[in-house]
Amino acid sequence: MAMYHLSDMTWPEVKQALETVKIAIIPVGAHEQHGPHLTESCDDVLADKFSRKLGERLYPHVLVTPSISIGVSIHHIHFPGTLTFRPETLIAVIRDMVWSLKQHGIQKFLLVNSHGGNQSTLSVACTTLTHELGIEIYLAKTTASAKKAIQEHVKSTLFGHSCEREVSEAYYLAPQLIREDQLAPGDIQEGKWKLLRPGNAVQGTYFYDEMTANGCIGDATKASYDAGQAIVEEALGNIVAAVSQLLNFNEN
Amino acid sequence: MAMYHLSDMTWPEVKQALETVKIAIIPVGAHEQHGPHLTESCDDVLADKFSRKLGERLYPHVLVTPSISIGVSIHHIHFPGTLTFRPETLIAVIRDMVWSLKQHGIQKFLLVNSHGGNQSTLSVACTTLTHELGIEIYLAKTTASAKKAIQEHVKSTLFGHSCEREVSEAYYLAPQLIREDQLAPGDIQEGKWKLLRPGNAVQGTYFYDEMTANGCIGDATKASYDAGQAIVEEALGNIVAAVSQLLNFNEN
Amino acid sequence: MAMYHLSDMTWPEVKQALETVKIAIIPVGAHEQHGPHLTESCDDVLADKFSRKLGERLYPHVLVTPSISIGVSIHHIHFPGTLTFRPETLIAVIRDMVWSLKQHGIQKFLLVNSHGGNQSTLSVACTTLTHELGIEIYLAKTTASAKKAIQEHVKSTLFGHSCEREVSEAYYLAPQLIREDQLAPGDIQEGKWKLLRPGNAVQGTYFYDEMTANGCIGDATKASYDAGQAIVEEALGNIVAAVSQLLNFNEN
Amino acid sequence: MAMYHLSDMTWPEVKQALETVKIAIIPVGAHEQHGPHLTESCDDVLADKFSRKLGERLYPHVLVTPSISIGVSIHHIHFPGTLTFRPETLIAVIRDMVWSLKQHGIQKFLLVNSHGGNQSTLSVACTTLTHELGIEIYLAKTTASAKKAIQEHVKSTLFGHSCEREVSEAYYLAPQLIREDQLAPGDIQEGKWKLLRPGNAVQGTYFYDEMTANGCIGDATKASYDAGQAIVEEALGNIVAAVSQLLNFNEN
Amino acid sequence: MAMYHLSDMTWPEVKQALETVKIAIIPVGAHEQHGPHLTESCDDVLADKFSRKLGERLYPHVLVTPSISIGVSIHHIHFPGTLTFRPETLIAVIRDMVWSLKQHGIQKFLLVNSHGGNQSTLSVACTTLTHELGIEIYLAKTTASAKKAIQEHVKSTLFGHSCEREVSEAYYLAPQLIREDQLAPGDIQEGKWKLLRPGNAVQGTYFYDEMTANGCIGDATKASYDAGQAIVEEALGNIVAAVSQLLNFNEN
Amino acid sequence: MAMYHLSDMTWPEVKQALETVKIAIIPVGAHEQHGPHLTESCDDVLADKFSRKLGERLYPHVLVTPSISIGVSIHHIHFPGTLTFRPETLIAVIRDMVWSLKQHGIQKFLLVNSHGGNQSTLSVACTTLTHELGIEIYLAKTTASAKKAIQEHVKSTLFGHSCEREVSEAYYLAPQLIREDQLAPGDIQEGKWKLLRPGNAVQGTYFYDEMTANGCIGDATKASYDAGQAIVEEALGNIVAAVSQLLNFNEN
């Protein structure tokens, strides 16, 4: 399917595409441990693949940029290979990308984020850059909105990182990320992290190895292509609908 | 009830209190428009009052600090009187307070936040300062965990700012904030904000006057002392329980 | 007496007040040890109370903002409970407050400072923000200009912190700050600080505990309400006169 | 050939590799216009491909990281699609990557840079980070050391960007970057840039469109796979030799 | 007379001098308009000359560094030729100089400042760097302590910049700065500056051209070598005495 | 010869000079060890003297500013007396000088740099400030362009710091920098620096004492006034020609 990806275009091609492009999509991933069964680039690759599908669905109104391949992952730093940005570095990277694209006439931006640890920083980036650069900047968590498919397909009570849900998404979007012979459920530990999970009264920082000895949670052995397809496609539909409405709003 | 509040103590009194204090509570508010029926200091006062009640419940293990009276409120800036910090300013303020208290031997911190617009910035602050200063820093949204009481008492479908829920909390904690003769439901506007509300597939920044012409949402005329009491007390119970467990965890 | 204080107003009230307001007053305090006889919030409370009196005298031309309750107090950090801002944090806080108020149409600002340790930082803030934000920003030390009353009423040769003069001001403005049963003269130490006092040929940083073991100087037992009244009222008169002239100057 | 690339490994695989790895290679590219005949990701892809070859030659002593896909390209910003980092952003990105890898025990780093506009910034990064992080950080321009092959194979007098030399390298390393039907010589303009070329007495900033209307220089139509192979292989040999010696030096 | 000036020494000479040196003196000047009768480098030269005399008097315990030739002079920027540092730049310059000298074993520093506009920034620098770098840093205004000589010799009621006092100092320390045929009294203007002079109840920023049309104040035509000598020598005596005592203090 | 040097002028003189001045020259030096035979201020003095000669040649179109007497010299910090700026400090100093001069109407700037360690930082400064301040900023290394004279006169194979070439320049420009009785060849050490010299495949940071025990390289005993004159004059000619062309370019 046709899609505008900045990396694969020459400048005359970009110039022509800008005649119809209304919004740029910036994929934001991470580069961190994903247990024994997913490679460290998992979030980066999933953000990129998901964004390309958005680019296809919203062609010719969307321009997809190169992904930001590192995110805020300090809670995974005890596992070998994890890379992390400080929040201010991630914001600086986004600011410079948005500033550059604004020079080419783009006024609207959607950050497509695959990594929970980035979410607060990206929300701060939206607030800050909207006002500093005078542009509109939106934020979507790749598959967070696929509530129906997740409820139907994901059996693990705990999920969110290198889990049944994420491995399913990888089966659908990028199976090369998976070490099938290493699929394993999370090796969950006791710890204060239980008090601090999303939805609890108190939040806080903990290292991921306090929660899981092998770096994953839930039961990835139950993951499947079908679950991944259902989750990704539901989420794509939600985001395509929202972006379409946003673009229309601004035109009226 | 007995309570340690840093502002009301001399240094010899603080010195003695530090023998039992295990955690400092830093109230974080905001200083922004709250429609025609609440004063601009509403969030600051509610964070302070709520934190003092926590200090009483957790005495003598908690030291309450002066509140941070301004937050991230740029989305309210079009309404007269709103003050806003840039996210980096709010983080700098917290860093300096935490650094100072660490000099006095405190290692654990709870940010008690009453303003939704601060939440991402405070989450970034937790991540950053935990690692930069080598301390533990937790975050609680004042009454967000009072899910039962909110469901039971709050009738407005839209709430979150100068609304039925917040005015109820003010009735219970600080009635002097309320202009009873000005109580009014939100004057809701059409706009792209509907696409961007919490829980939607796409988030983003919008000015509050795009959503409501008088600066409030929901129906504040339905607020009551009883609703406020139920919400605040349920939330206090949740946070007291969580903090108690966290303090125990660290001792074992 | 009538007075505009931002914290106690709704946005429609602020909107109306802005029709006559010509200058905003930002009280700047500190949160630091004040010996055995004054609480740690002393400077914050005195700056606030003093500024409110200015707001009354200059009504309806002045809008008083919430105080900045922490200042530059690192020289007191060895005493329990002291909080300190780095100079750049204090400047950032002022910048954001001034920027916000400028959005509401205010072009003139007066910092009313009660803490000597803030003075250099505030002077730098005036220089920097005047040019950066294109506004006028003035600075007054609360009672420093009350030269006659100080000479007449203050007997201690050493004063300036939790001293005869400051306790007197507290008797007049905020007696709840005082532990009357703990009033004590400074427990002065030998040390290099004597070489570095204001007015000497060489200045420099020293910790306050090098100078005084109990954290106060002079003889606070000689403090009185009458002295406080005389000092505060003389200073108020001086500042009211100066501000009135400044406002007139700009109108011509 | 065997090679350690961080993106393609799980954390247990990284843990094992770290037993022999002595240096990390960080490819640094750019994302900027490359005339009508190369895509915007050219420098990023060439830095990555070149670094992977280094990783193969120096296996198992080298770990290749994900590339930094944007560089300092403000001089190309007038051409559609160019993205640019401010120098401080690029340094922040490198600092965070190096800091992360240091947590995993790596003490030596080689930046492999394909974009001339990055060179000064990377040199500053080497100086700064060596001292700030207490590590050793080296810098190589991908094919700059291939002096013999360049002299023998490159006929254009002007080269350095989307030129005969760069297209040749792309033929060898990543032919998918090339639009063969669009190959064109540079459309060179008159201008002050002639006074400021490398090697002249005075240097300075100019926009690339002051020099060339189509964004490329030299004559790319003369590029060939053979030239690319000769240039890349000579450079690889030089860098492999230098890195091997550096690793030996540190062991003695 | 013997004196250690860093600029005039080789490294083996510095190495030997460090055996007796206990404190470094850093002259801080400015580069700003000084009316029609003094050159723009006046403050820089006077700080340097004054510091060299201190170096002679305190030989072999003092090492004089190159001067910081630009200061905070934005209030003079409307006059041609004035250069100004932002306060943070001046602090950064001092931080780096102090950090460097600390590497060579020096632990005490005296800033010798000739320019009033620097005073607040330097005071902030002392506070900040004392704690950040773990050193002792002192501050002296060149001739401010010469109270007797100033009272006796200076007849102008207004002085402080390119005035009777400063021209006198130049006659004694650096007569080449003076355009004798251009000596003129200040061309004083009406303005709000009168409300904001040192010692008044309210301070604030004003441009120097609001105060004086020719850039100087007082009556420089009354300046003399004798007055300069008396002022400089009295101040030198005061600072030498204070530094000697400070050095002794630290030895006991 | 006539020359405009900012330090030696009053503001009315600067005002008049600005009628013909088209470019400002900012000398950039360093303050670092130069072996046993040159004083630490060598680079600062040479940059200043060289720039003054440029000012004479290009009179009345050039205004020479006070020199920046400290540069990026951390690689020399192990030798007593060396001062170093962090790269960001050097850029801040240049930014403030350029900003100030822009207020007086100057739009073009030439940095004349005598110290190799500054080169990358200055190149970054040119890129950054050109765009941030909207001015034109050029960079010249004092004598680097004197290729003929260097080839003819300099016999040492290794040169670049306190070497045959630099001592020759000092003989011609500032003989007071030289300790003739201490002239010595470099005391060269084995080390990894040999792998990292300019022109090699890999670059990187090393301390100067890893390369030379006495802090100099090449053979300074072969230096001469005649060599210095030839080198300096050839370089002056090159830079005068380039600047003249650049000024003409901008006029057309």
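What to note about this one:
Order as written gives the chain letters A, B, C, D, E and F; numbering starts at 1 within each chain.
Operating definition for what follows: contacts are C-beta pairs under 8 Å (C-beta built on N, C-alpha and C of every residue); 3 or more make two chains touch, one makes a residue touch a chain.
For clarity, every value in this text was computed on a predicted model and none was experimentally measured.
Listed by label, the chains that touch subunit B and also subunit D are A. Copies subunit D and subunit F of the same chain sequence form an interface built mainly from equivalent positions, shared numbers / all numbers used being over half. Looking at which of A-B and B-C shares more C-beta pairs in contact, the answer is the pair B-C.
Remark: subunit C and subunit E have CA centroids separated by 29 Å (rounded to whole angstrom).
Taking the mean of the C-alpha atoms as each chain's centre, subunit A and subunit C sit 49 Å apart. Multi-chain contact residues of subunit F, defined as those touching 2 or more other chains: 86, 88.
One ring covers every chain here, and the order obtained by setting off from subunit A toward subunit D is A, D, F, E, C, B. Contacts from subunit A toward subunit D in the complex involve residues 6-12, 14-15, 18, 31, 33-41, 44, 65-66, 69-70, 77, 79-86, 88-89, 92-93, 95-97, 100-101, 103-104, 179, 182, 215. Residues 72, 74-75, 86-88, 110, 119-121, 123-124, 126-128, 130-131, 136-140, 144-145, 191-192, 195-196, 200-205, 235, 238-239, 241-243, 245-246, 249-250 of subunit B are the ones touching subunit A in the complex.
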